[in-house]
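Listed after this line are the structures, all set down as C-alpha cells.
Same chain, two partners: chain A is paired with chain B first, then with chain C.
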Partner chain A sequence: MNFSNEQLERYSRHIILKDFGPEGQHKLLNSKVLIIGAGGLGSPAAMYLAAAGVGTIGIVDFDKVELSNLQRQIMHFTGDVEKYKVQSACETIGLINPDINVVTYRERVDLENIEDLITDRDYDFIIDGTDNFAAKFLINDACVKLRKPFVHAGIIRFEGQLMTYVPGKGPCYRCIFDSPPPPDAVPTCSQAGVLGVTAGVVGTLQATEAIKYLAGIGELLTGQLLIYEGLNMDFRKIEIVTNKSCRICSQVPAEIELTDYQNNCCTG
Partner chain B sequence: MNDIKADAFVDITDVVCPTTFAKAKVAMARLSEGQILEIRMKAGEPLQNVPRSFKEEGAQVIKVIENEDGTYTAFIKKAG
Partner chain C sequence: MKVKFFAFIRKYAGNTKERDDVEAHTLYELLDKLGREYGSTFKAKVFPDNKVSEDVIILINGVHIVHLDGTNTQLKEDDVVSIFPKVFGG
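And now, the complex of A and B:
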C-alpha cells in the first residue's frame, strides 16, 4: 500500500477517517466505475468519485451539452455548450483530480453495446445516471446478466429514488418494476420540470453507494428503495423483496435475453 | 533513555494537519497487530492530536519522549 506525498495530502481526510482509512483509499484508487449518462445524476456522481480518487471512471453519453442542461448538470460549464458531454466530463474530472483515468464512450446505450461497455474495462460498479425507462431496464438486465453491482436512480420534479443491486444479495430493479410504463404514460423531459438540486442530492447518494461498495463498508441499499421528497424534505426506505418469478434475476444469468424498449425520450 | 524496539519508523515533521495523522496511519496500516510504530513529530498540533487519535482508534500509546532537537517521538502499538 503505497501513497505518494501528494496522495497522502489529497486523500488525508479519507485516510484519517475511522473505518475507511488507508485500506479504503487504496481500494478506491484501484477501482473502476462506469457511469452511464453524463447528465444531472452522472455529474455529481462523477465529480465526487473523481475527487474521492476512484482510479478509473468510464463515462457513457452520446449527447452534446445544451444551455438548458446547466441548471442541474453541474459537471458542464457555460463554455461547454455544444461540446460533447463526454469531452466536457473528461475535462472537469481532469481539473478536479488529474490522477483519474477517464474512459469516454460517445455512445447511446442500447441492446448492441451495453454488454461491451460494462466488460470493456471489467468495471467493478455501474451507476445508472440515465433518465429514460428503456435505458434503466436495459442496464438492470445487463448487470444481472453479467453479475455486476449497480445503483439505480430516477428523479422527477422534487423527488428521487434509488436502490442498489448486488448479485446474490437481494432483488433487482425488475423485481419491483416488471416492465416499463407505456410511452404515453411517461412525461417527456420538456413536460417534466425538475429542481436542479434534486439531481445533486440523488446523484451524490449514488456516489455514496458506489464508494461504500468499493471500500467494503457500511450497509447498501440492497433490498430497499430509498425515496427522497425534497419539498417536505422526507427520506424514507421501502423494503423490497426478491420476486421469485422475476423475469430477469430468477433466470440463469448467462441465459438472460436483453430487451430493447427504446422510446424516444431525451437523455440527460 | 529509550529501550523500546519499534517495528517501523515514520517521520511526520514534514507535513501538516491532517496529513500528519494520514501519513502515520498509512505507516501503521503496513504493520501487523501488536507491532510497534515509532513516529517522529513536531510539538504542538501533531503532538496533541496524533497519539490521541491513535488511542481513540484502539491502539496503545506506549510512550512519548522529547528529542534533543525539540521534536517528539511516540511509540504506538497496533491494535487488533
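And now, the complex of A and C:
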C-alpha cells in the first residue's frame, strides 16, 4: 500500500481510524462509484465521496442548474446557474479533491442507456439520487440484472428514506415498492416542498453506505428500510424480507427485462 | 398486533409512532378502525374509498400486502403492520 505524502496527510484521519485504516483508504482509492442524479441527494454524496478519496466518481444528469436548486443541491453555487449540473459537479469535486477521476454523463437515465452507464467503468457501487419513480425502478431493475449493489433514497418535506441492495444478500427495492404509482398519485418536492438539509442528511447517509460497502466494514441497510423523520429527529428502521414472488429479484438476473415507466408514473 | 406509523402518516395518526391496542382480524378491519378513530385526513391519505392509497405502502412483517392477500390479509397477535409513504424526491 503506497500512499504519497500528500495522500498520507489528506487521508490521515481515515488512516488512523480503527477498523478502517490504510486498508480501507486503499480500497476507496481503487473504487468506482456511479451517482445517478446530481441534485439534492447526489450533491452531498458526491462531495463526501470525493473528499473521502473514492478514486473514480461517475455523475449522470441531463439538467442545468436552476436558482431554485441551490437551497439543497449544495454541489452547485450561485455562479453555476444555467451550467449543466455535470459540469458544475465536476468543477466542485475538482476543488474538493483534484485526485478524483470524474466521469460525467450528460444524459437522462432511461431504458436505452442504464445498462451502458453502469457497465461503462464497471462501477462497484451505484447511488440513486434521482427524483422520479421511473428512474428509481429502472435503477433497481438494472442493478439486480447486472448484479450491482446500490443504495436507494427518497426525500420530501422533512422526511427521507433509504435502503441498500446487495445482490444475493436481501430484498430489492421492488420487494417493498412493487410497482410505480400512477401519475400525480404522490406529491413531488416541487409541489410539497422539501427542507434543504433533508437532502444533506439522507444523501450523506447514502455516501456512508457506499463507503462501508467499498471498505467492507460495518452492517449495511440490507433487509431494512431506514426512515428519517426530521421534525421528530427520529431514525427508525423497518425490517423487510425478500419477496419470493418479487417481479424482479425472483428472476434469473440475465433474463430480467427492463421497463420504461417514464410516461405512466409519478415524475419529479 | 403492533401498528407502526412512519413519516407524514404519523402526523395523521396524532403523531403516534406505534400502538398495540387495536384489535382487528384483517387489515381491512384495522384500517377501517384507524380511519374512524383518526378521522378524515388519515382516512383520505391512507384508506380512501376503503382502498389502500396509491400514496402509501403497507407491510405486514416486512412483506408488501400485494404479496399477501391485500386488505383481506388475516392479522395475528404477533404481526407488525408498518404504514409509510412512497417518497421519490431527490
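The rule we apply is simple: the second predicted complex is superposed on the first by the 260 of 268 C-alpha atoms of A that agree within 3 Å, B and C clash if a C-alpha of one lies under 4 Å from a C-alpha of the other, contacts with A are read in each partner's own complex, and residues count from 1 in each chain.
Here, contacts are C-beta pairs under 8 Å (C-beta built on N, C-alpha and C of every residue); 3 or more make two chains touch, one makes a residue touch a chain.
Quick caveat, the model's predicted, so the values are computed rather than measured.
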{"item": "Which of chain B and chain C A:Leu67 touches, first, second, both or neither", "value": "neither"}
{"item": "Touching partner for A:Leu95 - first (chain B), second (chain C), both, neither", "value": "neither"}
{"item": "When both partners are placed on the shared chain, which of chain B and chain C touches more of chain A", "value": "C"}
{"item": "Chain B versus chain C as contact partner of A:Met1, first or second or both or neither", "value": "first"}
{"item": "Chain B versus chain C as contact partner of A:Ala185, first or second or both or neither", "value": "second"}
{"item": "Chain B versus chain C as contact partner of A:Leu41, first or second or both or neither", "value": "second"}
{"item": "Chain B versus chain C as contact partner of A:Glu23, first or second or both or neither", "value": "first"}
{"item": "Shared chain A contacts, counted only where both chain B and chain C touch the same residue", "value": "none"}
{"item": "Interface residues, chain B side, partner chain A - complex", "value": "15, 18-19, 21-23, 25-26, 29-30, 53, 56-57"}
{"item": "In the complex, chain A residues that touch chain C", "value": "37, 39-42, 128-133, 136, 153-157, 159-161, 175-178, 181-182, 185-186, 188-189, 194, 199, 225, 227, 229, 232, 234, 236, 238-241, 243, 245-246, 266, 268"}
{"item": "Chain A residues touching chain B - in the complex, by the definition given at the top", "value": "1, 3, 5, 8-9, 11-13, 15-16, 18, 21-23"}
{"item": "Chain C residues within the chain A interface of the complex", "value": "4, 6-8, 10, 15, 17, 54-55, 57, 59, 61-64, 66-67, 82, 84-90"}
